[in-house]
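Two complexes come next, and they have one chain in common, chain A, joined by chain B in the first and chain C in the second.
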Partner chain A sequence: MGHLEDSLDQCIKCNVCMTACPVAAVSPHFPGPKVVGPQAQRFRHADQPVPDASVDYCSGCRVCNEVCPAGVRIAELNARARAQLVAAQGQSLRNRIIARAGLVGRLSSGPHAPLLNMGLGLRPLRWVMEQVIQIHRDAPLPPASRHTFGHWFRQRGQRRGLRQVVYYHGCSTQYYEPWVGQAAVAVLEHNGFEVIVPDQDCCGLPLLSNGDFRSAERQHRYNVAQLIPYVRQGIPVVGTSTSCILTLKEEAPELLDLTSQEVADVAAHTYDIFEFLRTLAERNELKTDFRAISRTLPYHPPCQLRAHRIGLPALDVLSLIPGLRLVESQAACCGIAGTYGLKREKYALAMAVGAPLFQFVRESGSDLALCDSETCRWQISHATGVTTKHPIEILAAAYGL
Partner chain B sequence: MQYDSIVIGAGISGMLAAIGRAEAGEQVLVLAKGHAATHWATGCIDLLDVGDGDPLAGVAALIAAQADHPYAIAGYAAIEPSLNRLREICDQGGYPLVGSPQRNLLLPTAAGALRPTCLVPVTMVAGDARQLPRTGSGEAPLLVVGFRELRDFFPPMIAANLQIQGFNAEGIYLTLPPLEGAADFTSTGFARLFEQPAFRAEVGTHLRRLVRDGGHQRIAMPAILGIQHAAQVVAELQAIAGAQIFEIPTPPPSVAGMRIYHILEQRLRTAGGRIQLGAYVQRGEAHGTRLEAVYSEAAAREQRHRANRFVLATGGIGGGGMRAIDANHLIETALRLPLRAPASRADWFFPDFLAQPGHPIFRSGVAVDTQLRPLDAKNQVVYTNVAVVGAAIAGCDHIREGAYEGVAVATGWVAGAR
Partner chain C sequence: MQTISTDVLVIGGGATGSGALRDLAMRGIRAILVEKGDLTHGTTGRYHGLLHSGGRYVTKDPQSANECARENAILRRIMPHCIEDTSGFFVITPWDDPEYGDLFMANCRKTGVPVSELPLAEMRRREPALNPQIARAFEVADAAADSFLAAHTNVLAAREYGAQVLTYHTLIALLREGDQIVGAIVEDLRSGERKKIACAYVLNATGAWAGKVAALAGVKVTVLPGKGTLVAMNHRMVNTVINRCKLPSDGDIIVPVHSVAVIGTTDTFVPDPDFYGIEAEEVQFMLDEGEKLVPGFKQYRALRAWAGVRPLYKDQDVTNDRDLSRTYKLLDHAQRDGVEGMISLVGGKWTTYRLMAEDAVNVIAQRLGNTKPCRTAEETMPTPPFERRSVTIATEDGPTLHWLGKPLAAVEQTQAYNDLICECELVTRSRLQEAMASGASNIDDLRRMVRVGMGPCQGGWCVYRSSALLYEERSAKADPHTPFHIEYANAALLHFLQERWRGLIPVLWGDQLRQARLDELIFAGLLGIHRLRDHARQGGGLVTPE
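And then the complex of A and B:
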């Protein structure tokens, strides 16, 4: 057993995680991180029946890890326990579908996307979906894009720059929000980078958080194979989807016990885009030809960004824009946690988890909010009606791009 | 990002230092591995265990007797202003601390023992032993109330132990109002329930019946009476019940301690300070005797944090600021500062587990100069731009001396004022 399991011996049962867990705070179905994590772990064994199915109510937000004074990797222990549950009990059709973000995106985007989007807006259809595949009728499903990000990038072509950087777009930018990737490319090129977009698969996070480790491993190995040639040349990999980037950096290698040099090298050279831009800024290599944006905007650092343990790089970089003021949300989580809040039995719970954040966004009075994670943006917009953008879009606007 | 000050540790000492500097106009970042000291401790401010005597006089005597005690380093003149500073912050947070540095209070614990402490939240002060009904006084008994669903809080045991000490007390469990789908209860879960007006009205009505039947003038409850609005919750419960109510701190996690953390956190954020949790500082980077940066553990690689000045507020052995790496060696976990500790493991502990002077290991820590700067074995300053505060400082057995929060407040305040 690896260091994840070792970390549970560090647990002193202080219950600090129990005070911070946003799911346990609103749900009687989830007894809390210590109970399903370090405590239940003592009773889990590969050859034994799974002792406690309530671990499936862990959303994987990792707030428990964030507050743990002993460094226990509670959320990862829970993810592994869920995989054991799935291995023992099988996977539902619903989870098989929503965990395949790449496949769903590929089937959704294209010329038929407007029709599909219209269909997903029809209440009767959503009701049928809820009955048949257990996706909650009100859950925020993003409209698919007619054209993928990849299509846009191929059309315009790779542009020469002084230094090279690889852009990992992930499924959301590819199939739903190509403008996020366009903003990222514009910002990187404005700063003198030649942006490379290699072929890539889903990062595997939806599979990991739905307990299908075997499929996730296939995707991660594919991505590592695609990225390693660039990494070997010293070309960094950056991404706008902070949860995909966390998966490449840590979650996939750690949960899947992948210890090869290639996996470690890709992890070590992969950056959240604002983490990357902040490093540039610290070296005085970031252009600062910003136009003023005289606005005050609510900003939610998503739990998946906080799990990088790199502070708030978007806040650091955007603070360089004259006139712009971001007000940091102190909410633990928006509730959606990737695919968690889409599920029929978890939707209401996810909305309850996000309630403090939604209140913060509404009370800001702003018609625009910022958040680094796509599913969180969709959840915030769904709950509040406030347009929610990736911070890179504001940065691009400040550059006049 | 270059900060003016980085504080490592988010207990009371670190937060007070951070608030002091942020309110002086500095850009401040607090890096903390997680929540700890505040969430484990009682939420009371212990200055010095002198029974129900004068702790401030005790501190003066201690300073005269032990020049390297953290109180001596902070200086006698710092004690009262630092306590007043914390009181002012808690007052503004709507959670007043009451008491006097010239006279300790004696409050019942969750075991029914009496514990000396100096400043307590307004929600606990009615528990001072001087006000509790004595056996044979003719006064109605103190009513200790709890819930069976709350673990580690046993009203009959508390009452029985108070009776042994000459108090008139009885303990009962309240029946919880019917709750939808509640499966498990923690102190925090209860505190959230008490934030709901309907829940506390129901509990209050139940208490009023008990007061009417038993004539009780004073009720003790576990410290779970609300998180954000505890003072109002207790006031409201008192009004409904028609008796004085006071809270008894629970074993960890301590809601009363969490309240103080939240107030300090809000105060720091209001002053523009930032807090990064999950940031385990593991090493520093120095140029000569100047600390340039610290590195915290992060996904895939460390994060580097630069600042002009640093405050080390990581706590002692209990808080994780120090740990044993093998059978004989203690290390300071964040910056690997030299420690004042017994040379060999044989000297860490006395053979007697409950040895009166306290085990020497618990007096270990970083030796500091009058400016709280860390010293090496030859008393040379290790880093000129680092201040060490709270339980990380050597020369004090914080818990045994009953000085845990007092030292944190005094040294944190001093570091914040510089």
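And then the complex of A and C:
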């Protein structure tokens, strides 16, 4: 007992997940979490073909897990079934590309990034991409950065502090949004921390959600090997990419059945950055020398943050800033779910899933929205035209950093 | 009273009776089968669903072992859609005598039961949930069988050869003229109408009820009804039949069959095969034994418990009922009791039903002057219309057996997710309609045909849907003079819920208790089921005893 598959026993067929699932609500292709999760699982066999390709329409947003009153690990059952499908049938070229966020980022960022970004802005090129590799022509692809976050950090060097903390930046900060990492470093250093940025690979989440468990395991093992020396010294690991952090904490060990002490130790000492900052605040160790920001901003807590089951730490910490008011979206999901909404056959579905959120952001009248997850930020900006930032950027601004 | 003439009257619609009916019909002998309930209503529908390799009997009952081994190969060929090739392990746990392993292998070889020792690493790879302390493992040709489908398959084949079947017909009397049985009086439970069946021969294939039937002919047959309690677990923690490698005893086998895993069984003498309960200790004992094979077994969700009554024939004094032979006995009452025209078939097991039928029909055919040979081992049987036929899995050449994912593959193929009446067992509207057209007399019959209501929710979500569908189908087809009233469907609903409830009571803890509470909220809280009794009555061709 204790395996994910065993959690199917807890399903009482109550349909709560069926009514909450944002994908089933808008798509005839997805029969719903109960149906492809605990219900279908009884008919799957490790040594037989997975009978239902429909499970691939699960976006992995984990809203089902969040609402399930019985504790069934629905999203994980689906992820495993997809992995079994992929193991048997192979992976499409498109999924092989988009699941390798680290590789794509490495190839995209650099001196040629402006040229590449311009190319990705050209309709005919996007049309060709859609035809050839099945990435939807309108899907939000982030512009790559000329300089990586790592490059910036090495240039300025590690600065000494009273206490140490490891920063896990993930691929988006490294290759697309280095300013998020810069804000994080600034906030941590302002609070007296010495920030360490060890070598790191992609967390493996895009691989996990595209069913390539074997490659994901390689990346996770690499990251654990990089992080464990610090964890053993009692140095915590924090990250701004909440989905990467969730992967290190929980998703990778569980889905891949990794039970070593190293994996468990890294998982136990890794925190979402606002989770970490909130703990500091609770101990009165967080500096509160904030400038007032008299604004009301829409805030979307992404699915992957809610999956941490830590409440809404960004909301808690930012509430310390005088004048700032955040309005929570209450929307289930933005639809993108990492790489899901990029796919040609799923783009429209992802946009439909996010519609209530987009309406909320538009109706706020604000020209700025906040969200902890990068792909969600790109999706919100793409759908609404409203600039979307990581909450750490606001916190850095409030500190005057 | 209507009189029907035939050559042979077969009493009992279990595996043996339906197998014999087919054999008779294939030899051109006119035959009618009567069954007081639905097909497989007795023991056939209440066993664990094991197609024996013979391994369980190699030491104590070599003849049975050999019969099982031979029949196992035949049944895979003639009814592949009823069998899932799970394979079977015999494992030596720390609670078993390690010496028995070598004896087991030797006895398998002696009795013709194919066996091979399995490296433990291979055993763990194939069944990671098994107890890591298992010392040795042997692989045999066990498989999982659908005994409901098999009986329907035999009956369908028999009908194609001209046989008749009367279900829900109870035996009132056997007609005896001097020392000759000449027929029977049966009563149609749906209408109360009595019929006379005149025949040259009666085949008593009623298993644990054989003594009761024989008594109607004034003949004494002692069958010890041995109650075997079984518990179905919500999902398959193993995909292989797992046996303890020791002399057969209680709670020593787990059979993965369809979407569940069944652990069995006990063996307790009960005075009457129609009245017995399931004791809490029996269920507890079985779960404890399961724990020895699969650590954590007790944590899995138990779906329901039920019992079947084994037909063990006693013609000598045996102290332990488990020592009674599992092989069958053909009782020729002409030789044994001086009563002509009747044979009783007792003992035996599902796996050997065809062989038992062959032996019995050989005797009857000879008496009737029919010299055609038995062909039941050669001809592949047709698949009943309510069974899914289209979804196959790539296998090496040979018959396409049932596979676990087949029901899901069928739903996926037709994208019938929104048309599921029973969600747990993936039963679509059209399959239920087929089953209704095939003559189901209540929802419990539908369950035996298509597994509606057999899953984790035990009918919570499908019973009211099935009842509505039953009403729609029956009322649409009813002739205007005898309309099908809603009260009949209501009675079917109540009857089925009651049947499910009986099996739930022994396992009401944990997840299943939570489920029962939700089901109760649906039926009692939301739908006001307590008021339905006033709007329910039997009729319309349905049999729904209170």
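Here, the second predicted complex is superposed on the first by the 399 of 401 C-alpha atoms of A that agree within 3 Å, B and C clash if a C-alpha of one lies under 4 Å from a C-alpha of the other, contacts with A are read in each partner's own complex, and residues count from 1 in each chain.
Please note the rule applied: a residue touches a chain if its C-beta (ideal position, glycine included) is under 8 Å from a C-beta of that chain, and two chains touch if they have at least 3 such contacts.
Everything numeric here is computed off the predicted structure, so don't read it as measured data.
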Exercise. State whether A:Gly71 touches chain B only (first), chain C only (second), both chains, or neither.
Key: first
Quiz item: After superposition on the shared chain, which partner residues are touched by A:Gln41: those of chain B (first), chain C (second), both, or neither?
Solution: second
Exercise. State whether A:Ala53 touches chain B only (first), chain C only (second), both chains, or neither.
Key: second
Quiz item: A:Leu8 contacts which: chain B (first), chain C (second), both, neither?
Solution: second
Practice problem: State whether A:Arg306 touches chain B only (first), chain C only (second), both chains, or neither. | Solution: first
Quiz item: Is A:Arg278 touching the first partner chain B, the second partner chain C, both, or neither of them?
Solution: first
Quiz item: Of the partners chain B and chain C, which touch A:Trp127 in the superposed model: first, second, both, neither?
Solution: neither
Quiz item: Just which bits of chain A does chain B share with chain C as contact spots?
Solution: 14, 31-32, 35, 70
Quiz item: Along chain A, where are the residues that touch chain C in the complex?
Solution: 1-2, 5-6, 8-14, 31-32, 34-35, 39-54, 70
Practice problem: Sort out for me which residues of chain A touch chain B in the complex. | Solution: 14-16, 18-20, 24-25, 28-29, 31-32, 35, 65-71, 246, 249-250, 267-268, 270, 278, 282, 306-312, 316, 328, 330
Exercise. Give every residue of chain C touching chain A within the complex, in rising order.
Key: 126, 234-237, 239, 259, 296, 299-301, 391, 393, 403-409, 411-412, 415, 417-418, 423-424, 426, 455-457, 460-461, 511, 514-515, 518
Quiz prompt | Contact set on chain B toward chain A in their complex | solution = 1, 29, 33-36, 39-40, 180-184, 186, 188-189, 192, 252-253, 258, 269, 274, 276-280, 296-301, 303, 305, 319-320
